[in-house]
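Since the structure comes first, as structure tokens, the remarks are kept for the end.
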Amino acid sequence: MTSVVSEGVDIDRVSKHYATLPVLDGVSLRIRAGEFVSVLGASGCGKSTLLRLIAGLDTDHSGEIRVAGERVRDTSLQRGIVFQDHRLFPWLTAAQNVLAALRNAPLSLAEKRRAVAEHIALVGLEGFENAYPHELSGGMAQRVAIARGLVNRPRVLLLDEPFGALDAQTRGRLQNELQRIWQHERITMVLVTHDVDEAIYLGDRVVTMAPRPGRIERIADVNLPRPRERTDPRYVALRDELLAGFAQSPIVQP
Amino acid sequence: MSDTVILHLEAANNQIPTQTQTRRWRALGWALAPWVLPAALFALWWLGCERGWIAPQILPPPARVYATFVELAQSGDLLHNTLISLQRVLCGFVAGTLGGLLLGTALGLSRTFEAYVLPSFNAIVQIPVLGWLPFLLLLVGVGEPLKYILIAHAALVPATLSTLQGFRNVPVTLLEASRVFGYTRWQRIVHVVLPCAVPTLATGVRLAFTKAWLALVVVELVASSEGLGYLIVYGRQLFQLDLVMAAVVIVGAIGFAINRALDALERRLRRGLPSAFR
Amino acid sequence: MSFLRLFRSVAIACACGLVATTAFADKPATIRIGVAQQGNGDPPTFGGSSAATVQQQQLLEKEFAADGIKVEWLFFKGAGPAVNEALADKSIDFAFQGDLPSILGRANGLKTRILLESGVRVGVKIGVPPDSDVHSIKDLKGKRVGLFRGTNLHTVADNALAKNGLEERELRVINLDTASALAALASKGIDASINDYHLYKLRDQGLARIIYESQNDGPQFTRQAHLLVTDDFEHAHPDIVQRVVTTFVKGAQWSSDEANRQALFKSWARSGVSESSWNAEFPPGTLKWRNSPLVDAFIVARYKAVAQDALKLKLIRQPVQVDGWFETRYLDNALRTLKLEHEWTPYDAAGKPLG
Amino acid sequence: MARFTQTFLSRNAPPRCDCEVDRGVNVELAKTRRLPDLRGFVLPALAFAIWWAVSAIHGGKGGLLVTPEQVWHTTWQQVTSGALAKALGASLAREASGFAIGTILGLALGISLGLSRLATRMIGPSFDTFKQISLFAWIPLISVWFGLGDAAKVVFLSLAALLPVAAHTCDGIHAVPRSYVEAARVFRYTRRQLVWHVILPAALPSIFTGLYLALIYSWLATLGAEYLLVAGSGIGNTLIDGSENFRMDLVLFGIVVVGVVGSLLSGLARAAERAVLKRRGGALLKENV
């Protein structure tokens, strides 16, 4: 790979295995700054593991991952992450949870409070600032998690099946919200999902991974205007193509 | 799951992986770690007596305690007292546990029985074994029955409550499923309720024994003429602290051994069951 | 230290629940006296020896009031053995204790000196329920007998049993302190109780019958009690020790005077035992014989005998040196200053009066 | 939903602390309020009636069978004479200091056991062994080292309080879900922030269970201490005096007091726990169960 310093995320021949079981095998991917990439794959293809490596939660792997030219050695405020189980601290209210993300941020208290208010508004949760996680619905809790992921104004936001646990209707609404936030914040987002429709609807590119060992099978460009029309023939064609890809035995792509 | 917190704490410090050589040392250190504290305490004790920092009547030297232990064992006193204590604790434990299982089952099966009996049971449970001692001392006198009743009471409480909880923990879904297959009430109890309740019962039995063993020591300390607890009192009265310490070690060792045995038994019982019922 | 802030705030939270533990420093100016008996009555007191008289007439309190030294009496339900624990942990300076417990303490390293005798030639009583079929020691075979092991009753009881061809092992001995033994005897939990004057309380209530008094078998079957002081206190305050002994001798003299007999028993009755019982315990003319503070040949012989018995009964593991244990110079000074050298008659090893 | 009595919490032994959290029995925190069921009072009323009848016929002549009036009279006499206040005051004061010291040491030990794997490895086994020995076996040694006064009793009580606090704190920390720790790492929490802002708050419910048990155990230990370290006054001494002076009424009075105070203490502890934990999100309780 050329050593051009890119603002986005450079994944170069990353491999990882638990004891003898290979989980990722020579994954290489270059994500441009501000791009929205969906990582699509069945369970066990290592997509969540890849995301954890980018986040720095796990550094036991070969190959290199660079974000804005900087090698990933540990977690960083520059790389936010939203999990499927929202992981809000149950003893803190929604606002306190978002504030907790700023504990080590280089901001004054006033600036922190303002950032929290902004992001509560960003995810449309005004009026629920003092609610405890167990008092919020699944969708609202995920909104808080997204606000918490964004409040540090990270360079990259990683989302690990954030809407997996939600009902179809809430999921649709939050997908639009996420897209609106993405267009507003202009930061790089990497969404891991097993939902083909979600991957196409949101992603500039859809990276399809195959399991055993986890590798990139195909990268498809979704050059469609946003917000995407699910009935657009090109949208439907791409979806069917990807779905078909899933159905056949995985073809090893160069 | 248990080590995860600590693992991540250390990961948070980003320690650099060690070479194999130091790793071998660490492994050795790790294996010896549990013995460091006991060894240090023993050394401190031995040194304290040797150097005379502590007067012998305050803390007898380890050699003396060991000599007493050997003397106890050779003179047969150790065996005699241990057997008596074990006999007492077993009788009390068996009586208490059986009573507890029966009472717990009765409470578990019929809600009306529970409504009548459970509040009184709770009231009695509030009062500790020691609270009943003076009352029973007057009623039953100082003899063996006093000890059996108190130990049985100590074992009865956890046994009853565990049995009750065992019955309560049976998932309603299973009961409904058995009803669908036309199980009679009795079949439901034998084929559904009991298998589910077994792990909780096993824990209850282990707790019952621990409580019985604790109660035994208390009763023997306060009123007895034989038994391990009595050895402690006897040592105290003859102002032979080494006898007291030897007896305390014996009581601890036996308690520990039996608890471990019951632990192992409980684990084996639990392993046989799908974790859902754990 | 990274956890410092954490501990500090937790400590403050719990400290507010912390009530000042009452471990106040011992003012060297307080004299703490342990009594190897359970205090009865309110305020707690005891009876049966000149030590009780000294306590009830507050002789020591008056003696040291001028110097601003407080006198503190501590009673021990655990009797002699419990006093040993207090001595070991240095929470008392003086102690009225029986011969056997002191010997047990000395055998296990307690450093004390015996100053004078507080109650001598005291018998051991055996009480049984009123309707019991036990009439003599021989009937005790196989019966449940309450005995407070480690007190000065223990060796006398064993000797009395041996005299009747019995051994402790042939009885079902239950180890009970004085008060629990009384309760057990009253509720027929035990068949007999080897005890002391406390048995009179039950006899007065018709709940016990006394079948044996060991002093009737001769002075060898009696137990002694004494006043001892810890070596540390004696080295630190020999003057105070002398004044305590002198005051005590005054008390002993008053308690040995037959003229004060009724007043003495009335005072002792405050411990819950009736005057009539004291009359029975101290037949007329025996006050001087029983309340003599002298450390004579008889006393030394008795302590050596008890030491041998203790070794024989395996209550102690190595022999105890009785010689050099008695420190009688304070007693001699007191007798000289109070001109009481001939108040009490000394006795020889066999218990016969000397000169 | 498991409908079972809260007292079960106060009766079980503290769970093992060798990193394996005992899920089956002791973490059942769900508290369902039963309807006030009057049927529960039938049995005690019946027992009381029988006692009244029997004692009325041939009671009152001293000895074992005491009439309710006698017990009531003793109660009244104890209360008015201030004896109860004195005894109870002494016992509770001792218990408070024992509880406080035990809690502080328990928290320190529990936290160190919980957080440092080395401490768990070094102290854990010894701590387990110590837990097997009944506390009362240490009384003869304590009485020699700390004398027979209040100091010895407070030492004994703090041991009784220390055990459950340490065990539950340690288990609480071990049971903190890994997901919280990861979430905190994403925000670059330092080790201290992780402990103070994530691990301890998450472990708080379990720590409270430990404190609740410590309160109950130290109350039980108060009685034991007063039986075996016989000096000074206390409700335990009242009980023993009653039994020795052959006064069944005093004993019954003592037992009632012990029972009432025991339940008051556990009620107090539960109220404190609910106050602290309620608002901050019950989710954890259910999730942890």
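A few remarks follow.
A, B, C and D are the chain letters, set down in written order, and residue numbers restart from 1 in every chain.
As a convention for this text, a contact is a pair of C-beta atoms (placed from the backbone, for glycine too) under 8 Å apart; a residue touches a chain by one contact, two chains touch by 3 or more.
What you are looking at is a predicted structure, and each value in this text was computed from that prediction instead of being measured.
When the C-beta contacts at C-D and at A-D are tallied, the pair with the greater total is C-D.
Taking the mean of C-alpha positions as each chain's centre, the chain lying farthest from the centre of chain D is A. Averaging Cα coordinates per chain and for the whole protein, the chain whose average falls nearest the overall one is D. Each chain gets a centre from the mean of its Cα atoms; for chain A and chain C, those two points are 84 Å apart. The distance from the centre of chain A to the centre of chain B, with each centre set as the mean of the Cα atoms, comes to 51 Å. Centre-to-centre spacing of chain C and chain D amounts to 39 Å, using the average Cα coordinate of each chain. For this pair, chain A with chain D, the centres built from the Cα atoms lie 49 Å apart. Among the residues of chain C, those touching two or more other chains are numbered 78, 85, 88-89, 180, 183, 187.
Within chain B, residues 57-58, 137-138, 233, 236, 241 each touch two or more of the remaining chains. For chain D, the set of residues touching two or more other chains reads 64, 143-145, 182, 185, 189-191, 195, 243, 246. Two chains count as a pair here when they touch; such pairs are A-D, B-C, B-D, C-D. Residues 64, 93, 96-97, 99-101, 103-104, 107-108, 111-112, 143-151, 154, 191-192, 195-196, 200, 230-231, 243-246 of chain D are the ones that touch chain C when the two sit in their complex. The residues of chain C lying in touch with chain D in their complex are 2-3, 5-7, 10-11, 14-15, 17-23, 74, 76-78, 82, 85-86, 88-89, 91, 179-180, 182-183, 186-187. Residues of chain B touching chain C in their complex: 55-58, 137-138, 140-143, 223-225, 230, 233-234, 236-241. On chain D, the positions that touch chain B within their shared complex are 2-5, 7-8, 11-13, 16, 19-25, 28, 37, 39-44, 47, 64, 114-118, 120-126, 128-129, 132-134, 136-141, 143-145, 173-176, 178, 181-182, 185, 189-191, 194-195, 199, 220, 223-224, 227-228, 236, 239-240, 242-243, 246, 248, 251-252, 254-255, 258-259, 262-263, 266. Residues of chain A that touch chain D in their complex: 55, 57, 75-77, 79-81, 83, 85, 87, 89-92, 100-104, 132-135, 152.
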